[in-house]
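First chain A sits with chain B, and in the next complex the same chain sits with chain C.
After this line comes the complex of A and B, so read on.
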């Protein structure tokens, strides 16, 4: 309790701005959105993940987190959310280290698919191939290019043709897990990827393949 | 905290004037909002919503790492902040006695005097219902 940090500087406007960013990210899957009004987040919480949780979590949404007591105390104080004891019982699941498997989270029910869990997954970096980021850096660092891999090709509602996204630090079997939850639709888990101050969303409707 | 909740910001500030106060960071607020007051008839009835009340709350942490909270009625942000600061400082054994003597005790005495004066004026118009008392 003694190392508690402040939350949003302006709770109303900052949360509205973060909500707008999450809405933008969810409606355009895979698009990277930056949040500019960020709270001071306790380690190991990234600023973007902290902003998302302060914006979305409240007394009605149990949160499960692997980030330790300091983050739990901070969330409990600022968001007032109950803390779930298992990932299955949580409405928001925060993964800062090894993420729980998607099938270990609540996918909602046929009658109420909107009550599915949302996984907030912290990754090392999010890159979009078009902005010259990885292409430019590929020549600089071979190791970085190796880590980058071939990237993801996203299709589905909200994407006109296809959208490309490079995610560094996602679980290696993430795409297999994602494909495995497709048949559950309209149930399924939504994912918000956070890296530093930026985020990208993967709503359950999106299809991901390598390439 | 009850004494601070009933004291105005100016009164608290006057009492604090001579004290060296440590720096602090606001963790939350001061912010004004509504709380739902819940009532219970006779102590064993079902809880019901009595109404909403305006409160101002503040939480802060001093440089020494002490966290203080305050919820006060009304919308006086400065009062909530000072009450939270005193809540934090009074947890410090080195400061507790001096602050208690300088701030809390005089405020409590003033409030008690005001309540006694009020009771004295009300007592002048008091009626003893002897008949009712003897009928029991």
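After this line comes the complex of A and C, so read on.
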């Protein structure tokens, strides 16, 4: 355990600050929020995902992870969470590689939808489309614009009109999976997308279209 | 900040449990989530549910306002404000515009709230169906199925008997067209302020151990009928102190011969209007 990286420098205030970032993200789906008091996360755990887990996971929340033994040891030491043997058995599912399908996670029950899993999904990048309109957009490199693709248009609770979000590195069929779980409401998985030190959330209520 | 207990009083395991409940509450607007409420150093009825929610979200950079029936200077509001100044070292204010967190009992401020504010309600009874269905398991089933006919019937019986819906406080609302929710004992006058509010609204019931939430910009509709639409009612007077004809008014008896005046229930709103006029 000597090579174990430290957790939060200030467990109380860092967790409070990270929680408010996650609360802001969950309250305003698709809005990108930065976490500024970060733990040193073991590879391949991104700092934002590490902060979310240290803030929310503990002995009461089984965590499933695809991130390998170093991350499991780090989580066990700093969060004290049990490790779930399947994604279905977990309250928090950490995906650093190919994510398990949404329908392989616990969606909660109609009477107790709060027991649904939260998927912490690491992606390559989260970007907000340019606010500068077509001019600013054209100044972006063509390659970058290609990579961004068409992006997502989000509507639903927490959103005044529509939020736009570009997610680079989400599973290719993610929108189809998302659409498939919406009729299950109030059941359904909530997702926290993490990229580096930033995150954006997708509560089960949000509708996502391409565009 | 006083030493001897954890920041914001609650231990970290309790905060994590409440924080998880809050996030799921936001993801399922209007759905009540049971939580393991802790004993607080204030008696029930003093807003222990709201206090636990506030304690789980508050940080050193927050500015806290606490109101009780619209007033910042009641014993209850003052004790809660002092409690958080002591255990979290946070700044407090009586001005709605300056607050990042507003904990409230029985009112929504008159001044429109912003995106960078959070409104925390103290809730005595979170279950809107409890008078109609005392069995908790049964109410849970009704919420699961969105089976709210009983409540519609109750309101319609009011109309048959009184010619109008007789509920002036704690008037039930539908959140995002899915969950029936108690807005806490705010006047029905305040219900429209909940609808598509830019601020996040969190609700904490200490004795009943429930947390629920309304995310920003979420539709909140007071139950009504096509032939008896909901109306936000206020006393048909102007505030004696500031002259407002749009704020919610309290009736104050001025002498023992039946003299009375009407004044704003929101003391900060009334005060700032008078300062502006002066």
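We adopt the following convention: the second predicted complex is superposed on the first by the 198 of 211 C-alpha atoms of A that agree within 3 Å, B and C clash if a C-alpha of one lies under 4 Å from a C-alpha of the other, contacts with A are read in each partner's own complex, and residues count from 1 in each chain.
The rule is short, and it goes like this: a residue touches a chain if its C-beta (ideal position, glycine included) is under 8 Å from a C-beta of that chain, and two chains touch if they have at least 3 such contacts.
Given the structure is predicted, the values throughout are model-derived calculations rather than measurements.
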Clash or fit, chain B versus chain C on superposed chain A: fit
First (chain B), second (chain C), both or neither touched by A:78: first
Where the C-alpha centre of chain A sits as vertex, the angle toward chain B and chain C in the overlay (nearest 10 degrees): 90
Touching partner for A:5 - first (chain B), second (chain C), both, neither: first
First, second, both or neither for A:166, with chain B first and chain C second: neither
First (chain B), second (chain C), both or neither touched by A:27: second
Touching partner for A:198 - first (chain B), second (chain C), both, neither: neither
Partner chain(s) touched by A:111 [first = chain B, second = chain C, both, neither]: second
Where chain B and chain C come nearest after superposition, their Cα distance in Å: 9
Contact residues common to both interfaces of chain A (with chain B and with chain C): 11
Chain B residues touching chain A - in the complex, by the definition given at the top: 25-28, 31, 59, 61, 65-67
Of chain C, residues touching chain A in the complex: 6-8, 12-13, 15-17, 19-29, 31, 33, 56-60, 115, 140-141, 143-145, 176, 178-179, 196, 198, 200, 215-218
Residues of chain A that touch chain C when the two form their complex: 11-13, 15-17, 19-20, 22-23, 26-28, 55-56, 58, 60-61, 109-111, 113-114, 116, 118, 157-160, 185-186, 190, 203-205
Residues of chain A defined as touching chain B within the complex: 1-7, 11, 77-78
